[in-house]
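What follows is chain A paired twice: with chain B in the first complex and chain C in the second.
Presenting the complex of A and B:
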């Protein structure tokens, strides 16, 4: 178990090539759960491979508990990884699979047996120990992969590279719960790579949102939800996505023309496109008297909530309301948003004071 | 209807089996015949249709006008087994390297290196006879077992590399990476993780090596004179102006026996699911 520091880290796959991972600096607390969230090809797997040592970063250092491991081989870093496609040693039994990391490290047979039994019991694999690992289902193979990390008491971190992609939805839920429980029980640092926001939000204490090789924002699920650093995060996190309406500056206020939405502003603003954004969850509907007037275009359900899509000119505003609302498709309606729930974005970046 | 198809299937299998087994039966019965019973037409059942004789078998073990097969048999076994073993060890290591690391020599890459290996087998052996002969003479290894082993390693290694590169390529790279994370060194990764997964390939490669080595006549003939004789060469000495079908049949049975046993063992191994699991 270790605190992981990525010190001024950056990576380009060839000298002079564009950054696959733009320069960043972050600290991951010992025993924490982290998620790297972003679309495919955003650099999250690159970051994971740098931590595990499969890849040498072209710039910066990786520190485990203050010790520089940048030049250290994967085997010496004591990390475990669960891959997207279940990878197991097909030629071995489940028990041998679980014990293999200890065998590689030269532990005594008694110790290996004891650890394997403990971990197998925790993961519910006890009855499978003597079976060939190849006979397991995909989700159980992922459990075995996880077990190979847990079997080492001193494992620095368990890296999960989209481990739930090939798992059935119901089992996905179970596996996620097991991951969370394991983290609480073993207090081992876990890093989950995913492009699924639900997975990231339910699993991690802190989420690193990435896009185009850049860390866009790092924060708790609430922070990402309440104060998205960029328009991209607003789009990516939350369902439905954040509403964005084009805005203008009028003296000391930023307003959305033709609506009652406005945010006070002082001092000069950076040049660029202005937008006001708000979460569908923070908006409410009223027959009259709201900030935005429009017409109900569509209503659909998300869980027990209802999402109402309201058309206003060329823009659609979404409102998320719990339970069923009196709104009817085609009828005029107004939307109100509390002033403190409005955020101003300049060129896609959130204005910190807004 | 189903039983009809089943019957049809069994009939086809039966016919095919008869087709395959027939030459062997013929060989076995001929090995117990004399000149008269061979020329007297198709006769199958000993004692009833012809009087069995052990002359053919005796000629293999120092009988009149025959040879002693034991020494060449042992020689062949030594040369084939050690040649195959060395070729497999070197070939498997080379194949793992070619499968997992990127080599560059100017415009040439891994594929070209692999092709270079197999190109040794594309050349007709006669092309290699003179260089091999000169090299062995230079080393003083002409007409010796080590000399022959050396030749067979050179001839069999391309097969091992060719087969194993393919099998290693089919073993996912994630397995290597996982083994590193579990704390394996590159050597233990290869021996304990990758090799067991490529075991079916190893079986196929060793089968090819043993068959090619055991059956080779050309190099066994050109690289030896009097001291060392391998089985295929020694069998030629059985022939004479009147073809001794009985001796040749006995010799054929003796020399094909190890390969038949090998095929039987390998077939059982491969069908037990080794390959099925490897291909997924």
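Presenting the complex of A and C:
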């Protein structure tokens, strides 16, 4: 169990090639749960492989509890990794699979047996210990992979590389719960790589949003939701995505022309394209008197909520309302948003004062 | 309905009858006759040929010799082929060059290569003995002594067919998923343990396939023996197919050699089936 520091870390797959992972500096608390969230090819797996030691960063250092492990081989780092595809050693039984990391480290047979039994008990695998691991279902194989990490008492971190992708939806839920429980019980640092925002938001205390090899924002689920650092985060997190409307500066206010949306500003603004954004969850519908006037284009359900798409000129604004709203497709409607829920974005970046 | 579909099956069926079914049935019939160079024709002598075969020590010796030769060469081919495949599997310099280089023996004609090897093994003219002399081992009676001749046949077989093993096993290695190897690295397994616990078990199925193909091929071993030693010295390198060839094509004891061939076919089918079952049980672990 360790605190992980990524010190001025960057990686390019060849000298002179563009960064696969742009320079970053980050500290991960011991026992915390973190999620690396981003679209495919954004550098999240690169980052994970650097932490596990499968990849050597071209710049910077990786520190576990203050100790430099950048040059250390994977096996010596004491990390565990669960892959997208369940990995089991198919010639071995479930018990032998769980004990394998200890066998590799030359632990005594009594110790191996005791640890394997403890971990199997925790993961509910006791009855399977003597069975060939290959006969298990995909979700149980993932549990075995996870178990191989837990069997080492001194494991620094458990890295999860999209481990729930191939798991059936109901079992996904169970597995996620087990991961959370294990984290609370063993206080082991866990890092989950995923492109599924629900997975990231429900699992992690802190989420690292990545895009194009760059860390865009790191923060708690609430922070990402309430104060997305960039348009990309606002768009990537939340369902449906955040609404963005082009805006202009008028004296000491930023306004969306033709609407009642406005945010006060003081001082100079960076040059560039201005937008005002707000969450569909924070907007409400009113027959008249709202900030934005439009026509209902489409209504669909997400869970028990209703999402109403409203067309206003070339732009569509989405509103998320709980239960059934009185809105009807094709009818005019107005949308109101509280002023403190509006965010101003300049060139895709959020204005901190807004 | 659609009775014409049988017309489309006919060509295949005719070929099958002509090249497999008829020869097989005809051989069975011939094996119960005394057809030879003096009395050609299909008379009926009952099981006389089989009684004679049972007493024919030379035949059973050849079969035993063939078994040793087959199992020995195939195991060597497997070990060497696997080692070479592991060598050029991962990123090494010029690996494409080596991959092609290792395949060269397989692309050559067995008879031609046997002639070349006969020259190499030649006790006074060949290049091998002077080399052995120079490094202090001393010249060896390669083709004139029983043990040496047997070894010579094995060397040529291994040389010729290791590339085949190499090819199949390399294809197998290249098709393996990467994750188990990463997992083994993370779990702290060294190269030997990784091979024993990860690589080898995952290669079980393809290994069985490669070994069986080679066993079937090697059990028909004939041309190397024919060119290299002609079964000699004495009968010390004679294999079953070579012995059947002598009886049938040289002595023209057609009836007797038919009974030898049939027995050979049956023994080989049973033995290879049993070996296949044993190998699958031993090496293929990914049955659920």
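Basically, the second predicted complex is superposed on the first by the 354 of 354 C-alpha atoms of A that agree within 3 Å, B and C clash if a C-alpha of one lies under 4 Å from a C-alpha of the other, contacts with A are read in each partner's own complex, and residues count from 1 in each chain.
The criterion applied here is as follows: contacts are C-beta pairs under 8 Å (C-beta built on N, C-alpha and C of every residue); 3 or more make two chains touch, one makes a residue touch a chain.
It should be emphasised that the depicted structure is a prediction, and the values quoted were computed from it without experimental measurement.
Colleague: Could you say whether A:101 touches chain B, chain C, both of them, or neither, answering first, second, both or neither?
Modeller: Both: A:101 reaches chain B and chain C.
Colleague: Taking the superposition on A as described, I'd like to know which of chain B and chain C A:87 touches: first, second, both or neither.
Modeller: both
Colleague: Going by the contact rule set out at the top, does A:249 touch chain B (first), chain C (second), both, or neither?
Modeller: Once the two structures are laid over each other on A, A:249 reaches no partner at all.
Colleague: Touching A:56 in the superposition: chain B (first), chain C (second), both, neither?
Modeller: neither
Colleague: Could you say whether A:298 touches chain B, chain C, both of them, or neither, answering first, second, both or neither?
Modeller: In the superposed model, A:298 contacts neither chain B nor chain C.
Colleague: Output the chain A positions appearing in both contact lists, the one against chain B and the one against chain C.
Modeller: 52, 54, 73-76, 79-81, 83, 85, 87, 89-92, 100-101, 104-105, 134, 145, 148
Colleague: With touch defined as at the start, can you tell me which chain A residues reach chain B in the complex?
Modeller: 52-54, 73-81, 83, 85, 87, 89-92, 100-101, 104-105, 134, 145, 148
Colleague: With touch defined as at the start, can you tell me which chain C residues reach chain A in the complex?
Modeller: By the definition above, chain C touches chain A via 177, 179-180, 182-190, 193, 197-198, 200-202, 204, 285-288.
Colleague: Where on chain B is chain A touching in the complex?
Modeller: Of all residues in chain B, those touching chain A are 172, 174-175, 177-185, 188, 193, 196-197, 199, 277-278.
Colleague: For a test of understanding, state which residues of chain A touch chain C in their complex under the given definition.
Modeller: Of all residues in chain A, those touching chain C are 52, 54, 73-76, 79-81, 83-85, 87, 89-92, 100-101, 104-105, 132, 134-135, 145, 148.
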